[in-house]
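In what follows, structures are represented as structure tokens.
What follows is chain A paired twice: with chain B in the first complex and chain C in the second.
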Partner chain A sequence: MNAPFYKFGLFGDEASLIIAFVIGIGFGFFLERAGFGSGRKLAAQFYFRDLSVLKVMFTAIITAMTGLYLLSRLGFVDLSLVYLVPTFVVPQIVGGLLLGIGFVIGGYCPGTSCVSSVTGSIDGMVYVAGMIVGLAGFAEVYPSMQSYVQMTPMGQITLARLFNLPYGLLVFAVVLMALAAFAAAEWAEKKVTGTSPDPKGSITGGPWRMTPVRILATGLAAAGFVALIAGDPYRGSHASIDTRDLAIRVGKGVDKVQAAQLADWIIQGRNDFKLVDLRSERDFDAYHIPTAQDLPLASLTPDFAAHNDRIILYSGDGTEAAQAWFLLEAQGFKNVYLLDGGLRAWQTIVLFPQKSAGTDPAVFEKQVEVAKYFGGAPREEGTSPAASVAVALPKLAAPAQPLIPAGNSSNTQPKKKKEGC
Partner chain B sequence: MIALTALTELTLSRHNPLVDPHLHIWEWQIPVYLFFGGLVAGLMIIAGVRLIALRPQQREALVCCTIGPLMGLAFLSLGMFTLFLDLSHRLYVWRLYTTFQITSPMSWGSWILLLVYPALSANALAHLPEAVPSLARRFPILVTVSDAILARVQWVVGIGVANVMVGIALGIYTGILLGTLGARPLWNSAILGPLFLFSGLSTATALLHGILVVTTPDEERPAFADFLLSALAQLTQARPLDKNIAPVLARADNSFLTIELTLIGLFLLGQMTSTGIHQQAASLLLTGPFAAVFWVFVIGLGILLPLVLQSLELNNRIRHTIAPVILVLFGGIALRFILVYAGQQSHWFQPLN
Partner chain C sequence: MNNVEHSAKPYWNPYLSGFGLGLVLLASFVIMGRGLGASGAINAFVATAMHQLAPDHVEKSAYYAEYLGDGVHSPLKDWLVFEVLGVFVGGFLSGVLANRLKFRVEKGPRMTNPLRLLFAFIGGALMIIGARLALGCTSGQALTGGSLLNVGSWIFMMCVFGGAYAVAYFFRKQWI
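For the complex of A and B:
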């Protein structure tokens, strides 16, 4: 089984909440045991008296980093499906400074304030209450400062891509940096407090024996070194494709979205999918399904969308869409669907539905509503589909749903579900 | 297929919560009442047992026998008030007491509820002067009543047994009220009777444990509990500390929680091995829209976490705090809310997919 599990549909929303509960209890438990429920201990790091926070957080970073790296090299994790928070340089520096100031003043960061409040300390509860008020305040003023918040965008960037370095080298460098930081932290603690660190939990202090801490540090350094020589964790552009898996999915028909369902999604205003029109620009301008983007086949490069985006393809009769579907599948996109029957099905089913003998009146009534929403109309009984479709496609009057301008930049895309922390 | 399913459901069984306004007949009043009913049942059983097995000078026994029943009277009145709020024809509530229908759980319930008041009051009066001396000084009649009860062993035993019996009846009735409604497959299980009884016992034990914890003059006591419940603490501060009871109650609570967990397991087992309709109803809790709240709030926070915390308390690994108490009480409320709401979404129509 491949990770990330949620993205691959191993479990649904409900199960993910239950798993989040278990992980959250574990996380909170170990934070509390580490003493991070106490504002005094947390604030002590800013006076260089006790740098546990730095050590714990840096350990977490390099553990996750080497772990993710090695697992993806072994083929257990597909890193291209892991969500990266987009970078906005200036706003994030300002935000980081504000968070740091709040941390020094209040003695907590957001996660540890929750830990502190459930252990019953009133300052933790006050901190959490302040955080909620702050969130509400931010949401209120967000529209007026949106342009500032989205200043200096760099997209979903990683250090390795930014500096054009091999990923493995970066992993190794960060591990070394962390180990150096631990040594420096112990030196600073000794300097400030005047006492030597407890040899049990120290890397530099005490007699040279292999304590558990040193074994752990050596292990992380070794994992970092393996990363240095192991190569790129991302799968290259020449990805292979599992033809049997593909055949099974095509056979089951799970690669298709029905026109009526797509119509429902558009009416509901869902924005968790990308609708791609593969026809020429002229055809697109004449008519396209609301919310669609016009993208020719050649522009479907591996980075035209995130690999875990849900993408629905359509073209006039479906040929180009099918070609694009295969192309995207081969490039490692995981949620690519075809509009079943292409634009033609959209016309006959959604825009100009026809009542047949077996149709339930109530079902047909709904179909007529949907057709009207998209500017179409029901067909009379007996008229051939070709004749009425030839009459006229609706003019491109924008329906209630705002259309996305063609060739838009990433900033104006419909708001995606927020992920990450 | 989805549209067709929704449509058939709408036209055949009228079970679409967004369309049919009469689907959700039971709102918050019923789960709140069921919670208070279970809590009072638990308080009664514990009070009855402690009254018979009371040893003098045990502060915890006095809390169980006096403070518990007094709170029980208040909770029962609150619960019956929410039940009253739920009625459509509130002015006709007295008609319930003009008849007794042997096949109607509602009729049983209304008469059981009427028996609870005298039983609980008698239990509370037996030791009221010792538990709250200031009240006895102001109203000497309380001492007379207490002396009259305690002078006759058969009265004490009678009151104790009556409390246990009525408590068991009340606790089981709160579950049977749902369990006998065949129209809702999720509820249609007799296990709900004992399940609600033991859930009520665990919440009652937790509540009494919580009262003992916050009224214990312990320097190490968490400050915020003091802050919240100092008024309650003053009520019984005159009593000497007894170090035995909190562990007894915590141990009892662990047993009740374990039994509750087992009964939930049996309940789901019964549903899952029954007809497709019942399997579908159980899947509302197991994988459906109520799965997250059920597993997190009822099983995780309401049973497993307090079990772990109370086990650590019993092994003297951590102090006795009101943390597990709050979790158990909250879990009891969550169990009833989720069962009542999920039950109303379960129905006899099987979708076509």
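For the complex of A and C:
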């Protein structure tokens, strides 16, 4: 069996919505069971009176973490296919602080407010209204802070990769930390409220007998210890890809950028993409599309760009670009595109456009303008495409002329950008 | 009133509830390859509602663009939206079974109702903005990312507890 089931195409999008609903029911049920429909109980966490928030949260975290580790280690789940939210350090610090402050003021977090309002808490309902109004307000100021929300990106990264430590060691460390925090929480509750913890419901209180809670704690500790010694949970060292998702995207053609489109972007001075030329250095020096960087296939390492950068690939006839596209997808790059038709298409469509019978004169005029911008020229009518390609090739290899507009384009870039806004 | 109070069953043990929650999260990882969430659904809801109210404004907005998508599919036809609908149903179910359904305002004895509701509103607004900045809330970041050893989630979690404990003293009248 291969899991995550959805990523291996066991069911489609429609079915996933039903599953979402069922999983949500479980989520809401356990939140309410724990008493998280009560803002007062939740807020008591921050006055050391009732540390249920910490206990529930960290029991859930170490349960899911050790469970996922074991299932991955046994080969049942492909851990690399479980979605990881990308890290943006500064926004996540600021967002975390806002959330913490809002928690004490509002009494809920988004998930618990749903459970609270549906069980009749009026403050829970008002909290939900506050979220809706707050978000609508945020949408209005968003354009002015758009550049800050993606500050300090680190990509999709785990603590194991950040510290370069074995994944299992960190699993074990988190389990130990959680168990120590539970003991400390029970001690603090006793100090602040003056009552002894219920022996049946706590880990540390009362006579030393095996209770369900202690069996659970022992089990989690054991699972953490297994993680420490059982090795890496990832499947081999090979990269893995979501073949189904890949096939769908290829089918839709959303993985391609048209030559004319790319030309427009370059003229506009857009800098939100990386244009990569996969041909040899010699070919690159002879001619390349302005703003491109030379990166032969063999030197394509996973760290040449951030995983969420928009990357557009091209090569002579597109073969190398297609190979590189697949490699980068497999390495987890999210926005990789192919220049449709490769450099050939760039020549015939952008540099040396040809007027055909059906072309609108105004459109063609613009094409000619674009061609001149990049140092090309319109082709004469009647030239067959095959012949013209043969004619175009030597022309391309000869002058460095097309590179001159590249310099111009970077000069005009700021001005053009403002116009766009 | 008193009868209702008496018949309301006690909450479950936090460790055992947490274990149940952890199994739900694990099921989500195994079945879907993703964790739980909550705040994302509010985003989709607000985008849809605003699109109904002020279509021209929303279509020009850079913010809403990513939620409205291609304009063919409703942003409400989304995994997180259906999951949060389930959260409402699951919470209601558990509340009914434990006899806990009751109109009430959650607060400490020294707090007035209007002020508590004002604070609930402000808190909700602050938190959803925080969640939008952090790309997730206690569900999507702390629970989910925490168990995936996600760097950003652990930074986020420390800041949530840090921020809350830092200001808790000033709001003590509301709760204790």
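Things worth noting here:
Going forward, the second predicted complex is superposed on the first by the 237 of 421 C-alpha atoms of A that agree within 3 Å, B and C clash if a C-alpha of one lies under 4 Å from a C-alpha of the other, contacts with A are read in each partner's own complex, and residues count from 1 in each chain.
Note that contacts are C-beta pairs under 8 Å (C-beta built on N, C-alpha and C of every residue); 3 or more make two chains touch, one makes a residue touch a chain.
The model shown is predicted, which means the values in this text are computed figures rather than measured ones.
In the superposed model, A:255 lies in contact with neither chain B nor chain C.
Of the two partner chains placed by the overlay, only chain B lies in contact with A:362; chain C stays clear of it. When the two complexes are overlaid on their common chain A, residue A:25 makes contact with chain B and with chain C alike. Looking at the superposed arrangement, the partner reaching more residues of chain A, out of chain B and chain C, is C. By the document's definition of touching, neither partner reaches A:309: not chain B, not chain C. In the superposed model, A:15 makes contact with chain B only, not with chain C. In the superposed pair of complexes, A:122 makes contact with chain B and with chain C alike. When the two structures are aligned on the shared chain, A:232 is found in touch with neither chain B nor chain C.
Taken together, the two structures place residues 17-18, 21-22, 25, 120-122 of chain A in contact with chain B in one case and with chain C in the other.
Chain A meets chain B in the complex at residues 12-15, 17-18, 21-22, 25, 120-122, 125, 260-261, 360, 362-363, 366. Those residues of chain C lying in contact with chain A across their complex are 11-36, 38-39, 42-43, 45-46, 49-50, 61-64, 77, 79-95, 98, 100-108, 116-117, 119-168, 171-172, 174-176.
Chain B contributes residues 2-4, 7, 11, 222-225, 227, 287-289, 291-292, 295-296, 300, 305, 321, 323 to its touches with chain A in the complex.
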